[in-house]
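What follows is chain A paired twice: with chain B in the first complex and chain C in the second.
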Partner chain A sequence: MDTLKINNLKTYFHTKEGLVKAVDGVSFNIKKGEVFGLVGESGSGKTLTALSTLKLVPAPAEIGGEVFFNGADILKMSEAYLRGIRGSKIAIVFQEPSTSLDPVFTIGYQMMEAIYAHRSPEDRSRARKIVLGYLERVHMPDPARIFHNYPHQLSGGTKQRVMIAMALINSPELLILDEPTTALDVTIQAQILDLLDEIIEKEKLSILFISHDLGIIARMCDRVAVMYKGRLVEMGDKADILNDPKEPYTRSLLESVKALA
Partner chain B sequence: MMRELAKNKITLASAVFILIMLIFALFAPLIATYDPTRVDTKFILSPPSSQHIFGTDTLGRDIFSRIVYGARISLSIGFIAVGIAVLIGIFFGSIAGYYGGKIDSIIMRFVDIMLCFPTLFLILAVIAFLEPSIFNIMIVIGITNWMGVARLIRAEILTLKERDFVACARVMGASDMWIILRHLIPNAIGPVLVSATLGIGGAILIESALSFLGIGVQPPTPSWGNILMDGKSTLGVAWWLTIFPGLFILFTVLSYNLLGSALRDILEPRLKN
Partner chain C sequence: MTIVKCENIKKFFPSQKGTGLVKAVDGVSLEIKKGRAFGLVGESGSGKTTLGKIMLGILRPDSGKVIVTAKRTQAIFQDPHNSLDPKMKIFDIISEGLVLKKEPRDSIIKKVDEALELVRLPRNALNKYPHQFSGGERQRIAIGRAVVTHPEFIVCDEPVSSLDVTIQLQILNLLKDIQKRFSITYLFISHDLRAVKFICDEIAVMREGKIVEEGVTEDIYFSPKDPYTRLLLSSILDVYPFKT
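Let's look at the complex of A and B:
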């Protein structure tokens, strides 16, 4: 069974100027253990697709279609059920680590929050140990010190590692990464991608990797889908898409990368 | 923050004075020279002397001791009344700010209505209706002074709720209540701290006014306001009954105002033009 199966997902906004079809009939599936890439330019609807699967798009959005997570259509579930899944079975890491953390609490406190939200009472009593364990997992140089640091005391790369650790802490089955390295400089980007490689290797979880960077998509993903203006333009195995694109938009996307290189 | 406060000498002086008043309140039995309710007919209306450093009142009670014990009353009323106001204000303000829409409109109109009441008269009316106990005074000052805090919290939350870390908390599975209590309010507390500090000064003034009018703290329990009340009729012959409690009220309220102002400068940095 596929970990994630999205069927005709639609996210429409009813605005004064009319109906905005931000996500317009998107369908794809992610197999267990697969790294699925979602490529597209800014504004194509990639992030909204990810948010829509967890019904995290606020009003006046209208979300339609079906999102099957391990067989169950989570779009039909209650808000309480979804809160149980968010941050535990399905986790998201966003682009900008500097603003993803609450500035007035320590890193350790916020990571323990993820544990308190979802885990059993016995795990909660060991929360500190679990957090330190995950900080080591993401190769943090001094977990005990980082635990007591505030977000403004850490660099971008370190904070993104923290966000990744927080996403993994409740052993998700699906990890959504929304441009995780776009805000980082190139050397840090490489380190984070190496870390992600390692996690993919060890944890064998399913990943939805969103990016506008074809180079990163090429490196990380097994299958790729191309989005444009809310619609899926082309989808297939990485090799097929990158070497033999069928759609004109995909081709022009690849051309533009070659032009830069 | 402490270091920032200490930089300005006037702020430092205010903080020190407030500390001294807190010590008076907490350690009154050790500091006061006499029992504040002890009547001593030998010393009725005697001026400041070595035995009674602030003099005595119409019943021979030592003014200094009454002021020291009065600090307890006035300060605790100030703190608790403001505490009540802040709690009510945070409650209404955060709900209005977070949920917006109709709820926001209803709550803000309620705030507007409450702001229309002349608070001192409202307090007078309520106290005249109930008995003027310390508890009632605290509650009444609290429930008539929360509106400013509500507006402040609402304003902060309106911007804060759009921030990335709130979205990330939601992504992590946090409920609305969790986000409001654990993320929004801690981040919004700056202006509230300023308002609360200034509010303590205001609450002390209100209590003093009520006691002065005779409908606040009732004698023999000493409060700075009711010492003033005694002084009213004897102003010509016994200046010490008016001047000393008056000075304490003045400097305490001034200190809280200056401290609040300093906190505002620290917590709400403004662009320097």
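Let's look at the complex of A and C:
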């Protein structure tokens, strides 16, 4: 059973310089409980693929193709219906936790908002307790203090833990991680990846893991697609792609990493 | 011969809350020999950039002594989007250091041409503006600007951190070639041990304003003594060889 199945996704922009095919006929599927890696360099279209999946690309972008989430085409859903899915059934964690969080509200307030937006009145009345539970879940040392903190009072790693807790709070079926550790120091990155390992193990989530870093993809993913200039140039099991790449682009990417290892 | 010598350098800043001091550099002593590539590795906030700025003379240490004997010093920074003036043409960017030294016009043109060839940019680049170039090309321009004055010492502060890995390798190869060919002394600052290992002869690992370990690259990389160095090394995610 596929949690996500994308057919021939196209995201085009009409610019002064002409048509830009940011995502140009991308197809892949993510099975239930699978961690699917999307790797590519900057500008390859990874993030736009993720945003298009949630129909979050602003006009005048043109999105074509099909994005099936549990069998229903997201691109055909109404805005109102989609709002019920985003942040609940499908959650996303972005690279930059400092810009993902609103600087003028406390962590607790922002996390409770996620509950108010999607949960039953019963759950809303115990929102605070749920939030504290999720902060504990991501191993926050002092949840009660973090609850009352503002984003600027927290380190980058702690903020990313908050983002992960917030993404999990409505029990999503699909979690999109868009370069979740790229802004962090390597030692903090290692901690966050450990946390993600633990979550993947426990929750059996389907995950779309986007990264420019083949090391992270190698550590985290089951299957991998390599994206280049809006297209998937190669896709397969992680071990096949990393040990025996067929495409020249994948090879050049791996050779660069190898030269630096 | 020593190009840079630091003796017990300290540099403190008032903390953001205004209540205390941030010990950005807290008693660092080191020596960089002529023609060597010296790596300074550490995570964000460890004080490596502050130390680099002190060696450049941009910041003055609170206490301690810095002796730089290099005749000409240059810098290459992380983000070529911010370090190149968007309103200047590439020719003006690269030649500025020579113009300031009042070199004759024909000598400037010759040296700019040589620098351009060295960083492998086409001649028609000279009449363009920074926004017309990719990140990697912009970093080539920044390197061209640095080498045009024939410096003896260059501080490279995270020169490849904002680049894609294939471009990183190109720029690192270029920096290495230039360093060897002209025996320029480098202070190479990076959070990435792999990049430092690729370029440097010696490495100092910095943490919270102090150097926790220092030595030749092979020793640091293959037999680290300090627990923090070990932690940094173990955080590197291997792709090759990939094992299932």
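Note that in this section the second predicted complex is superposed on the first by the 261 of 261 C-alpha atoms of A that agree within 3 Å, B and C clash if a C-alpha of one lies under 4 Å from a C-alpha of the other, contacts with A are read in each partner's own complex, and residues count from 1 in each chain.
By our rule, a residue touches a chain if its C-beta (ideal position, glycine included) is under 8 Å from a C-beta of that chain, and two chains touch if they have at least 3 such contacts.
All values reported here derive from a predicted model rather than from experimental measurement.
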item: First (chain B), second (chain C), both or neither touched by A:S256; value: second
item: Partner chain(s) touched by A:L232 [first = chain B, second = chain C, both, neither]; value: neither
item: Contacts of A:L177 with chain B and chain C, given as first, second, both or neither; value: neither
item: Contacts of A:I146 with chain B and chain C, given as first, second, both or neither; value: neither
item: Partner chain in contact with A:I192 - chain B first, chain C second, else both or neither; value: neither
item: Residues of chain A at both interfaces, chain B in one complex, chain C in the other; value: none
item: Residues on chain B engaged by chain A in the complex (per definition of touch); value: 163-165, 167-175, 178, 182-183, 186-187
item: Contacting residues of chain A [partner chain B, same complex]; value: 54, 56, 83-88, 91-92, 94, 96, 99-105, 113-114, 117-118, 163, 166
item: Of chain C, residues touching chain A in the complex; value: 43-44, 135, 164-166, 168-169, 172, 191-192, 194-195, 198, 231-232, 234-240, 242, 244
item: Chain C-facing residues of chain A, complex; value: 41-42, 185-190, 212-216, 218-219, 238-239, 242-243, 252-254, 256-261
